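As C-alpha cells, here come the structures.
One chain, subunit A, appears in both complexes that follow, with subunit B as partner in the first and subunit C in the second.
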Partner chain A sequence: MNLKTFSLILLSICGLTQVFAQNFEQKMSQGQIRGNFQFDMQYYREDSIIGAQQPNEQVLSNGFLNLVYTNGNFTTGFRYESYQNALLGFPEGYRGNGITYRFATYQKEKLTVTAGNFYEQFGNGLSFRAYEERGLGYDNAMDGIRIKYELMDGVTLTGITGKQRLFFDFGEGIVRGFDASVSLNSLVPKLKENKTKIIFGGSAVSKYQPDQDSRYILPENVSTVAGRVNVNRGKVNINAEYAFKSNDPSSDNGFIYRSGEAMFLQTSYSQKGFGLVLAAKRNDNMSFRSDRNEAQQNLLINFLPALTKQHTYNLLATLYPYATQLNGEIAFQADLIYKFKKGSLLGGKRGMDIQMNYSTANNIDTTSLNDENTLRQGYSSDFFKIGEVYFKDFNFQINKKFSKKVKGRFTYANLVYNQEIIEGKPGVPNVYANIGIADVTYKFTTRKSLRTETQILFTDQDQGDWATLLLEYSYSPHWFIAIMDQYNYGNKDSEKQVHYYNVSAGYNNKGNRISMSYGRQRAGIFCVGGVCRVVPASNGLYLSVTSSF
Partner chain B sequence: MSQMKTKLFFGSIFLALFFLTCEKIEDPFPRELGQSIFLNNIEYIVDQSLDVGTTNELNNFIDNSTWTSISASDNSETRFVLLEEFTGHKCTFCPRGTREIVRLDGELGDTLIPVGIHAGGFALPDIGASSYFTDFRVEGGHGETYNNLFQVSSYPSGVVSRLGNATGSDQWSIDINSLKNDKPKVALQMTNSYALIGQKPVVRSNIAITWSETLPEDYNLQMYLLEDHILDWQLDLGTDKPDYDHRHVLRKVINDTFGKALEDAIIGETETIEYIFEFDPAWKANDIEVVAFIFKNDDTDKEVIQANASYIK
Partner chain C sequence: MKNSINKLLFFISLLSSVSLIAQEGSNTVPAVNVQKLDGSAFSTGDLENDGSPIIINFWATWCSPCKRELNNIAEMYEEWQDETGVKIVAISIDDARNMAKVAPYVNGKAWEYEVYIDPNGDFKRALGVNNVPHTFLVDSKGSIVWQHNSYSEGDEYELFELVQKLANGESIED
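And then the complex of A and B:
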C-alpha cells in the first residue's frame, strides 16, 4: 500500500466517522430527557422532654436524582441516591452514595425488553410486586431482565428474573417469575362488542436461596402461583385473585413448613354522585421474601394490600395506622361516597359530599399442632373462622362549601387498634380512640386563603388524649406559611403532656419547591398501603427541595 | 390457528418451568442428625440405623460391646487450623495441593487438620471404566455445596479455617500463619471409641466443648469422617497413576452440611455431645479419622474458631 492509498483510506475513515458522529448526534438530539430531584436535610437538636436524640452527625440528609432519556422505542435512565447519613427513622442500611437504579429498555413490535433495574407488579401483587415508596425507605427494585411479549391481541406475557435491591446491595435469593394476562373480549371476536369485559390472568413466581441451615432441611426453591379475574359491566366491577405459596420456612413464620395462601376480592359500583366499594381479603402465612432470614420491609417479593383507609390528617394517619400482618389476617372494608345534589334538603345551595368507610382486620383462626419436632406444619386454620381483633376503623367525612369564601371538611373516626400485635409491644392493651377533625378554609381573595385544622383524639389507653391545631396561610400559587401545635394534654404522666410546635414555610414555582420547617416532630408510624415505618421523635430544622423537569 | 396453538404450547412450557421450581419438604429434619438422647449431661446423637431410641437401649448398646478408645490432642491452649482442600482424581495439578498439605502437615503436626473434599468436574467417576471409576465424592451432595459456598473456581483450591473463599495452595501457609498463634476461644476435646458390632464398624465420637470466652455469635459443631491413604487412580501432572495415595478423603458428613447449633458461648461452660455412627465396612478402619470443628453460624462468615481430629483406633 503506497502513501497515497493509505491517505485516501484514512480520509475515508475520518469522513465516515464524522458522518457517523453527526448521525449519532442527530439521532440522540431527537430524544427527550426527563427527571426529578429531591433533597431532604434535617438538623437535629436533643430534646429530652420528647425523647429526641441528636445523632453524632447532627445534620442528616437524603437526596436523589432520577434521569430518564427516551428516544423513540428506546429508554434508559438511572437514579443516583445520597444518604449522608440517612434521616432518622430510615433503615440503617441507607448509608453512602451511589447509582442504585439503572436500566435500558427497548420495544420492537410486540416485544419489550428491559435490562437492569425495573419495577413490576403481577395482578394485585399477591405473588409479585417490585416497587418503591420513597417516604418509607422501601425499595425492592429488581435487578435483572424483564421481557414482555404480546403473544396475540389481548394476550400479554411477562417474564422476569433477577435479584432484589437491599439498600446498596442485593438480596441473596434469585427471583424468577412469569405472568400471563388475557383479555377475553380481545381474544374472542364474538365478545369484542360485549358490554361485559373480562380479563383474567395467572402468575407463577419462584425464588431460589441456598440451604445453609444446620437445624432443618429447607426448600431452596419456593414458588407462589396466583390466578385472577377482573369482570366489568357498566357500573359494576369485580376483581378477584387467589394465590398459593409452597412450603417456605422463614424467620417470619418461625420456620414452619405450612403452605401459604391469600385471597383478595373487591367489588365496586359507581355512578354519578354515588360510589360503593366492598372488599375482603384473607392471607395465611403469605410472607414471601427472597431471603428467608430477613425481616421488617426487606426483600419482600409480594404485596398484601391493606384493606384500611389511607388517612391524611396527622393524628389519624400517624398515631394508630394499620400495618398488614403477613403471617395471617382476615380483613373487610366498605367504602361509600355520596354526593347530595345542589338544592336538595341536605345538599343546600352548594351541595355536599359524604364519605363513609368501615374497615376491620382480624387474625385468622389458628390451632397449634404442637409438631415443632416432627413435621413443623405449625397450625391448622379454619378458613371461615375469625381470630382476635387487630384493627377496626369506622369513619365518615363531610365536605361542604358554605359560601364562596368558606368551605369545610369534617371527619369523625372511631378506632380499635391492637397495639400489641401491630407495634409488637407485649402486654399493652388495645387502644380505643375517637377522633374529630374540622378542616376549614377561608378564602380572602382568589390567591390568598387561610386553612385551619382542628383535630382532637380521645383515648384512655396508650398516651391518652391529643389535640392538634394548624393554621396555614397560602398566597397561591407560590407561597405558604403554616404553624402547628400538637398537644398531648391527656397523657397520664404529667411530664409527657408536651406541646409539639412546628413552623413551616414553602415556595413553589414551575416544578420547583423549597420548604423549611422548625420544631418538634412527634414519634409515630408512617404507613403507605399497610407498609409502615416507625418515625422517632425529633426536634430541629428541616429543609426540603424538590424539582422536576 | 396452528400458529396460535404453537405459541400457546411454548407459552405453557415456559409457564410450567416456573411451576416446577419449588420443593415440597416432607421431613424438615436432616436424617444425618440421628436420634438425640440426653444422659448424664451428655447429648448422645445416634445414627437411626443403629436402632437405639431410649436411655436403656443406649446403655445396653454401649455396655454390651468392647470399645477401643483414642483421644485427640489437647487444644485448650492452641488454635488448631482446618484446611479443606477441593480436589478431584482427574485434576492433573491437584497432587501439587496434596504435596503442599503433606509438607504443612509435617511442619505443623496435630495443629493442622487437613480434609480432602472431592468435588466439581474433576471428581466425576468414570462408571464402568477400567480407571477413575471410584466415586470419591461424599454422599449427600455436601461436597458440591461446600464447593459452591467457598466459590472454588480452580483446582486445587483450599480454604483455611473457612476464612472467606477458597484460594490456591500458595496462600494456604500464609493463612495458616495468620491464625496458628491466636489464643483459642474454645477448647474442643475429642475421644473416639471404636467397636465392630456384628459386621458393623461403629464409632462413638465424644466431643467436649469448653468456652474460654463469652462470645455473642452463634456457633455450630461440624463432624466429618475421613479415610486416609486410599490407593487409587489419580492424574498427576499428566501421568495416570493407578496407586496414588489419596490423603484425608472426606467420606461422610456426620451431622449434615452445616452441623449442629451449639448452646450459647459462655466462658467456662462445657457442652458435651457424643455422636454414635457406623461407617462403610469397605473403608479401612485403621485409616479412619474423625474431624470436628466449630464455626460461626453466619450467612456471610463461617470462620472456624477451633478444630480437632483423631483416628479411631
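And then the complex of A and C:
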C-alpha cells in the first residue's frame, strides 16, 4: 500500500468516525449517568495489647466505582473494583483490580433482556438470590443472561442462566432458573377491586457441576423448586414460601445424599400506632451453592434469612450477632411496636413508643442413621421437634421525647448465644448476656446537637463484661465529630481489660462524604443485611470517601 | 474476548460521560419495579405529585440514622405538606429477613409517607445509592435536583429550605 492510499483510508476513517461520533453523541446525551464511588483506606499499627497486627503492606485499601448509563429503554453499566490489598477482615480472594461487573439491558414492550452481570431474587430467595453487600465483600452476582416477560397483566415470567461471581473469578457450576409470579387481582378482572390481594409464585432453579470425585458418585445436576403466596387484606399480611432441594452432597453437609427443604412464614398485623409480626421458619440441609466444595459465603445460590432482630448498637450488634445456620435451623420471632398517644398517661405531652422483640433459633431434631457406607442419608428428622438452642434474644426499646431539646431511646436485651456452633469454637460454653443501652440526644440549636450512647453488657462467659461510651457532636448539614471508648472491664484476664478508644470526624456535602477515624477497633462480627463478617482487632488510621452522582 | 467487551463498555461509558458534561442530559427518576406494602409491583417511573416536589428517601428497619431522620420529619410532615405540597416516598431496602417488619413499623410509627420496598436493591442501584440513608429531591418537572447521603440531627431543616425553594419555583444548584 502506498502512502497516498493509506492517507486516504485514514482520512475517510477519521471523517466517518466524526460523523458517527456526532450522531452518537447526540443520541447519548439524551440519556443519563448515575453511579457511586467509595474508597476506604487503613493504616495499621502493631498493638500487642489487643492482638492487632500490622500487615506487611502497612496500608490496605478497597475502592470501587459504579457507573450506570440509561437512555430510554436501554441501560448499561459497569463497576471497577480495586483492592490494594483488601482491608483486614475482607475475604482474601479480593486482590488486585478489575472490572467485575458489566451489563447491558434493554426493554422492548413487555420483554426485558439483560446480558452480562445481574442481581435477581425469586420470592424470598429460598431458591435463588443473587445480591451484593459491598461493605462486607459479599457479591454473588450472576454473569449470563436474564429474560423477563410480562405475559399478561399480573403475570411475570423470569428466566436466568449463567455463572456466579467468586471474587475476581466465577464458580465452576452453571446456574439456571425460572420463576413465575402471578398477581391474581391483576389477572382476574373480577378481583381487581377486591380488598384481598393475592400474589402467588413458583420457581425452579438447578445447577450443573461435573462430578470429578473419586470417593462418591455425585449428582451433577441438583435442583430446587419453590412455591410461595402473599395474601394481603388491609391490616393483615401473610407471606409464605416452601422450597425443596434434591439430594446435593457437599462439604457443607458432609457429602450426604439427603434432600433439603426450607419453610418460611411471616404474618403481620398493623394499624395506626400498632404493629405486630409473627414469623417462623425451618430449614433442613438447604445450603445450595454452585460449587459443592465451597464454604463461608462463597457461591451461595439461595438466601436463607435469619429470623432475629438486626441490632445496631455496637455491643449488641457486633459481639454476639446471629446468622442462619445453613445445615438446619428452626426459628421463631415476634415483634411488636406500640405508640402511646400524645396526652395519654404514658404518652405524656410529646408521645412515647415501645418496641418488643423475641426471637429464638434452634437446631432441627436429628437422629443419625449411621449409614455412611450404605445410603448416606445422614440423619432422620422429626419436622416438629426442636434441637439444641443456637440463639435467643428478648429485647425491648422505649423511645421518648422529654422536651424540645432532649430525647432518648432506651434498650434492654437478654441474649443466649451458642458460640460453639455460631463461631465454630469447640468446647466453649453458651454465652448468657444482659445488655442495657441509653441513647440520649441533646439539641443545642436546631442544627447543633450532641448524641450520647452509654452501653453496658454483663456476662460471665466469653470475654466478660463490657461498657461503651459514645459522644457524637453534629453540626448539620456538614460536620460531625465523635469519640468512643469500649472497655472490656470485666475480662477475667486482667491484661485483657483494655480500652478501645476511637476518635472520628466527617464532612458531608450533598452526595459526598469524607470521614476519618483513629484508634482501636475491637475484634468482632460486622453484619449488614443479615450477612456477617469477622473483623480482626486493629489499631490505626482509617479514611473513607464515598460519593454518589 | 472478555477484555475487549470490557474495554468497549468502558469506552462507551467514557464517551457518554463526556457528552453528558458537554450537554445537560435529562435527570428523571429511573423506572424500576419495587414492591408496595401489599406485595404488588409498582414502577418508580409512575411516581408523581401533581407538580409539587417529591422527596425520595432510602432507609431500612435496621438503620438507626434512617429511622431518626424519618421520625423527626414525621413530626413536621403535616406542616411541610400544607406549606409546599411536598410528598415523601420512603424506599425501604430491607430484604426477606426484615421485609415483614416494614408495614408494622411504618403504621406503628404512624408515618404518612408513601412507602415501597426494594428488597434486592434494584432501585437503589439505578439511583447510584451506596449507603442508607440517602435522600433525593425531585422538582416539579420530575427532575432530580439534589441528593444527600447520611443523616445528622437537624439535616431536615436544610432539606425543608430546599423544598420551599422548589415549591416557590426557585432553582437550587446540585
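Of note:
Going forward, the second predicted complex is superposed on the first by the 524 of 549 C-alpha atoms of A that agree within 3 Å, B and C clash if a C-alpha of one lies under 4 Å from a C-alpha of the other, contacts with A are read in each partner's own complex, and residues count from 1 in each chain.
One rule holds in what follows: a residue touches a chain if its C-beta (ideal position, glycine included) is under 8 Å from a C-beta of that chain, and two chains touch if they have at least 3 such contacts.
All figures in this text were calculated on a predicted structure; none of them were measured in a lab.
After superposition onto subunit A, partners subunit B and subunit C are found to sit side by side with no clash. Put simply, more of the residues of subunit A are touched by C, taking subunit B and subunit C as the two choices. When the two structures are aligned on the shared chain, A:Arg45 is found in touch with neither subunit B nor subunit C. With both structures placed on the common chain, the touch criterion links A:Phe303 to subunit C but leaves subunit B unconnected. Touch criterion not met for A:His499: it reaches neither subunit B nor subunit C. Put simply, subunit B and subunit C get as close as 18 Å, counting only Cα atoms, in the superposed view. For subunit A in complex with subunit B, the touching residues are 151-152, 157, 159, 172, 176-178, 180, 202, 204-206, 208, 210-223, 225, 246-247, 249, 255, 257, 293, 373, 375-376. Across the interface of their complex, subunit A is touched by residues 5-6, 9-10, 12-13, 15-17, 19-20, 22-23, 25-28, 30, 37-41, 60-64, 71, 95-101, 103-110, 119-122, 125-131, 134, 146-150, 152-155, 157-158, 174 of subunit C.
The part of subunit B that touches subunit A in the complex is made up of residues 4, 7-8, 11, 14-15, 18-19, 21-30, 145, 148-149, 220, 255-261, 297, 299.
Residues of subunit A touching subunit C in their complex: 21, 24-25, 28-36, 38, 66-70, 75-78, 99, 102, 104, 119-121, 124-125, 129, 131-132, 134-135, 156, 183, 185-186, 197, 199, 230, 232, 235, 237, 239, 264, 266-277, 279, 303, 305-307, 310-312, 335, 337-339, 353, 355, 399, 441, 443, 445-449, 451, 474-477, 480, 508, 510-513, 529-530, 546, 548-549.
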